[in-house]
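Shared between the two complexes below is chain A, which has chain B as its partner in the first and chain C in the second.
And then the complex of A and B:
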């Protein structure tokens, strides 16, 4: 924790110093009647390309380009820095042209999705360690299927061994939908146990009507329900951690395309700034 | 909460997951993914559940535990697996789906950009924002201001990669803003020489210090106008920001080009040197005498007193002087009409001692006589007549020979002088004959040849137009009725026709007065009035002109022409037009000259090379095109007037200044000053402290652009 705090303090300090240095340089350039929009624009485009390169870096793990963790730190703090560069670039005004509005909205969306992603990666990753064990996201459907198979095997075995159909009936009515697919996505994101607890309570409520064997079978089912709920929890959080990038990454490429088009327009229409 | 592992870490019991591959086996979700996995393009590669291996003579099943372990049937005799895997429909991995989505969004963005380029209404789409209102009213399409506005994508790419290939953006701005002149892009739209002079003047000021950020900015980025280089319009003007002020600049931005800097208007700004009286007024007016003596009661309400003569312009920006007719005419109209003065001599015949000349045998033909002889007559022709005479050079030579000789009493003259007088008289006669014979076409030809060095074609035409030939003809008819025959006879060598000399007028003997009033008294009865204000004045053998009203066109024209002829300064004596042009100007500008124009109308040095001069015929006129370094708007100041009103800012100058004779009403010194710069203002210059009372950042504002224009013209 000490290392993390020290790293965070160091990076924040560098960010704050860089922001103030940039604001100072921008103010001085404005006083000197330099084209701060052009300077900040070039800086912003360079930074966005650099930020987008993080995704490429992850696809090229064999190249000695530094650790992914270091890239992530740089990505995060540089991303915050771009917000200041963006503000300077648009002179802290709301853009008025249709294309400029779309471009600004794209940037803000990408920035906001990055902040949301940062929040998710910080909060959900910690929550993932609180329930169950580490499961590979791609294997979750396999495990869910295995779990369902185990439960159905148990239920069928009990049905064969005894004359009672209560357990099988209960599974067919109440547990089959639960085991057949991922459930309670939003409740897990909201850290809510209510659906699982309700299901377990429902299982318990049957106790007084069951004989000893049936109760034991139902207890085994309750155990499997908890395992399935843990699996759903893992899925919900891991899926969120993966799917927020479906907004962040594609919009980044759209932003890059629009930014290059913006650069083309500005360069062509400014007559070389002469 | 369960801590039991939800999966086993036994590789033999698990499928080989390939999350980084683009495609995943379609059976993965069912818990029994194909060990081979899909091909790279998402094609199922399903074959058999295992690849049996051989132990001795037996084939052994190698199926993974995850898929049930070795099967009961075992491999076929040929060693192949007996359980073929059913083909699946591979699905994309999460990463692959994200990649596809990224590609689609990127393609959509590029497509959107291309559509924007191609759409007819692209001007509106790609515009970075609305224009300022002035531009919005005149500009509809990009191409009106941008060279590539009408081009396609390839043109834009070319322009972006080679920005110097097209015209500079500033040049396109100047296609409309021609009012900024040839030096529009130089600092303050001034020439390099002017800027150098201004910089030198600024360097003379005591060193000042500006703000720290300004000093750092200058040290870091330097001045954008170093060496007076041209600046792009976009240096200061940022368009497409909507209805904002295109000229908005901070004080620090204004100062970044200046060597002398300061903190604010109230802290370090250079003192106002003579403002707003850094140039003489166009009308010489003694405010103190008028305000204190002629209209003493006006002082009780200062604001009303000022507004008796001054009125705000339509925009309340400038305080202008009311017209002459509404102000000065009440007291000065009679002076303008010249009722007590003889008027301006347009042409005149010198009084010549005909009797002595005849006695000496000098033949001058007919010449009017005048009595008494003690009225001195110089050998000088009336200036205007001398200027337009075809014999101008010959007249100048003989006038020089006869300088100092009284032509009305030649009894002491030598025979050589008498011969020169004869020449002088005949030159006058020939001038009259030639001028009247050729008329205005002749005048035009003569002036174009002889005065082209001094006057432009327009001025020559004006001169030809205003010469009162009809009056000269009437004068000739009255006093020299046979001059044409005489000149013709002399030129042909024939005897002169016999004509008796007669007195000009019987009453001529009464002219003994030397003061103007007495001259005027006999003027009316001894003059023959002609149309257009002309009169043949018998006692002085002259054709005279009196202005009928203020702003008399003939006097104005003659004053302008004489000033143009006399150049920036008095011409040297050997100059062909020196004597007549100087004499004409002095006759028109003298204290008691006709119309007394120069009593009030001052003279300005003009920017004409060589130092021209011009008469300020008009009071200050509010101009929407004029942009001086400093501007002032009366409107907001009038809005906060107190009882002190105008005098709060416009206080009279100290006594040692206002006692100057130039300022005093009735002073003759005023008319003889050569240029208006000699005129001193009778108001004390405004002080910076007075302005700074209100012009602070928190109150009325202290921006440079509040009082200063950047583009000076």
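And then the complex of A and C:
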């Protein structure tokens, strides 16, 4: 039994049925000259509150509120559903007032960040297992510093043991900037290892100026460059997996605040009647 | 050429059970019953009677009320009463409560306590309430370190309330659990100053081999108390009537393979790298040979392997209750000519097995069920063999099976597996663990990875819990109802025996603190109080394991490894 695939099919089916049912109902309501904006507005707000409640659920792991995985499934499909509710609510047009425009933009950003986040969660996790050792995110800077220290001690030892400064010079010019901080964030995210390949090429083409000992020292450096590149890769992917939520969650609260204010405004101006 | 020193002494005696046995002790022992009845001429060769007493036994003294073993404990030894007497709790109507045995009944938190975890969040790690360390009025403790004894304060009250039986000088107890590597079945305490001879299981086994009296006695007790119950609970025999079960009980054979202290040798093995020829794993039955019976694992773990080029490929593993050799016997019976075994069976660490002779399987299972039912192999065909648990791991990547078996993760009843292809490294699992354990996460989201599956560093609540073997106060124990291995913080003396025995390094010894943040100290020794801690599978929470419950992406699971079907479903989902 392919459990995850079966779950996806089931949830997608439910979503599609719900969307069509909702579209049908709102068409009927429009024909009956009902205030569909009010109905879809309330629905949208309720759903958004529910989506935002996932954040609270995560903070209360000791309460029997259902598994986080079940919540996330519900969150994702309900999140998609809100897009339709949102479309109906604004009648598929750009809102008029500046406040409404900000509110709509907020919703769209939260929605878009959710979709992007889902894509990242599913794709980056898998990519992380394919390269480099599994490292804890918080430890990456420590490992990077250790590696840099190792490399520098090696280069210095080589410098004092031989009378040539070629390796040390190469390190200072080309490798020091690479080892001293995290590099090539975006390239790693885009799964491009061109920068690393370029650096390794540079190391091997430098061979022609070196003697046998120096070549060997450079070979060791090449290995460490690969190690550092793996660390950078882990950092880029893990950081992205962590930090996308720093957009999704605060914007959620801004959206909630704006939505409630919006509700107060429309209630005040509609005078409570239909 | 190097000069090789030849070593005569058997290996197990290089680490004697006790270093305190003197010649005078042994002389004295050889004069008391039942040892004086043994025939020393039967003990020829390396394992002399004196040698066994010297190396495999120790003398232990208990005062009135001292608890010797508790129901549910794990131990590797049996006891002869030399002088004095002990009482065994018969658990007729009620048995001695866990609290009296130095255990704690893990109670689910109340609704209020669950909610209070929201604000009762400690900043300092490992904070304890000193008031909770006050002992139960019914028990006391004396001695220190591994000599610590928990004793019953008021024996006469215990004797009035609970039904007990006396075991007098010359008799012995604890042999079933020691030989079968199963939990102690009853609690035993001293009812007067008592001297016991404690013999580790290897010594006991050697005594049995050489003395028919001891062998017959132990055999009879084992068949009556342990075997019948075990066979009745084996699904393929559940339809048999009483007389048929009696036949099984009488004809079954019992074998022990491997080392009792496998944890120590496993750690050494792990340090030296895996041996792909499996020489360190004792063979129980070999591929290509004809089966002389069905092998049922009673305790411990076993590896199923098949020859492949110059090595062996692991094709599955067996845990207690799993059956080996039945297919070949069935095929041989159907085809009317014996079929050789398709796989080898080896003990991983230690395994005890029960062998039911082929003839009996044929007469009690196969002939009764009938050729047609068996060859159709349907659940509705009335074939009892259908009920046997799945041990086939062929749908799982063979490297992963090898990895699980080699590292003995199959020992877990709640092994933490993380699918790294789905894990976003969000650490919600670690945070949930901290939130449910007073801000002290009880596992590390770290550990060896095979392909995309990580086995995280968390207590696996082992089937064969070696951590429980040497606990002097019984603080580490298995919950009777749900089977979690938990530590009673109140009676843990922080000796570290469990942590050093755990082959998976899943137990931590921590220094505990007052609410204010300063360390709690033992006033007599002027040393900080330490406690053993580990994952308790959220035994006191409403939600079950918080880690699994908190994983948004279905990446983390606590897996009962004996359920190969569940493992396969999870792995191939």
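Just so it is clear, the second predicted complex is superposed on the first by the 272 of 274 C-alpha atoms of A that agree within 3 Å, B and C clash if a C-alpha of one lies under 4 Å from a C-alpha of the other, contacts with A are read in each partner's own complex, and residues count from 1 in each chain.
As a working rule, contacts are C-beta pairs under 8 Å (C-beta built on N, C-alpha and C of every residue); 3 or more make two chains touch, one makes a residue touch a chain.
In this text, all values refer to a predicted model and were calculated from it rather than measured experimentally.
**Q** Once the structures are superposed on A, label A:4 by its partner contacts, choosing first (chain B), second (chain C), both or neither.
**A** second
**Q** Tell me the contact category for A:212 with respect to chain B and chain C: first, second, both or neither.
**A** Once the two structures are laid over each other on A, A:212 reaches no partner at all.
**Q** Does the superposition put A:121 against chain B (first), chain C (second), both, or neither?
**A** Second partner only, chain C.
**Q** Check whether chain B or chain C contacts more residues of chain A in the superposed model.
**A** Of chain B and chain C, more residues of chain A lie in contact with B.
**Q** Would you sort A:141 into first (chain B), second (chain C), both or neither based on which partner it touches?
**A** After superposing on A, A:141 lies in contact with chain B but is clear of chain C.
**Q** Taking the superposition as given, does A:129 touch the first partner, chain B, the second, chain C, both, or neither?
**A** It touches chain C, and chain B stays clear.
**Q** Return first, second, both or neither, reflecting whether A:230 touches chain B, chain C, both chains, or no partner chain.
**A** First partner only, chain B.
**Q** Which partner does A:263 reach: the first (chain B), the second (chain C), both, or neither?
**A** In the superposed model, A:263 contacts chain B only, not chain C.
**Q** Determine where on chain A the residues touched by chain B overlap those touched by chain C, and list them.
**A** The answer is residues 136-137, 242 of chain A.
**Q** Using the touch definition from the top, list the residues of chain C that touch chain A in their complex.
**A** 114-115, 117-118, 420-426, 428, 431-432, 435-436, 445-446, 449, 452, 454, 541-543, 546, 548-555, 569, 572-573
**Q** Which stretch or stretches of chain A touch chain C in the complex?
**A** By the definition above, chain A touches chain C via 1-4, 58, 60-64, 67-69, 71-72, 121-122, 124-126, 128-129, 134, 136-137, 238, 241-242.
**Q** Mind listing the chain B positions that touch chain A in their complex?
**A** Residues of chain B touching chain A: 1-7, 14-15, 17, 19, 24, 28-31, 33, 93-94, 97-98, 101-106, 108-110, 113, 116, 124-130, 142, 146-149, 151, 155-157, 159-161, 163-164, 166-170, 172, 213-214, 216-218, 220-224, 232, 234-236, 238, 240-242, 250, 252-253, 256.
**Q** What does chain A use to touch chain B in their complex?
**A** Checking each residue of chain A against chain B gives 25, 27-35, 37, 91, 93, 95-100, 131-133, 135-139, 141-143, 145-147, 149, 223, 226-227, 230-231, 234, 242-243, 245-246, 249-258, 261, 263-265, 267-274.
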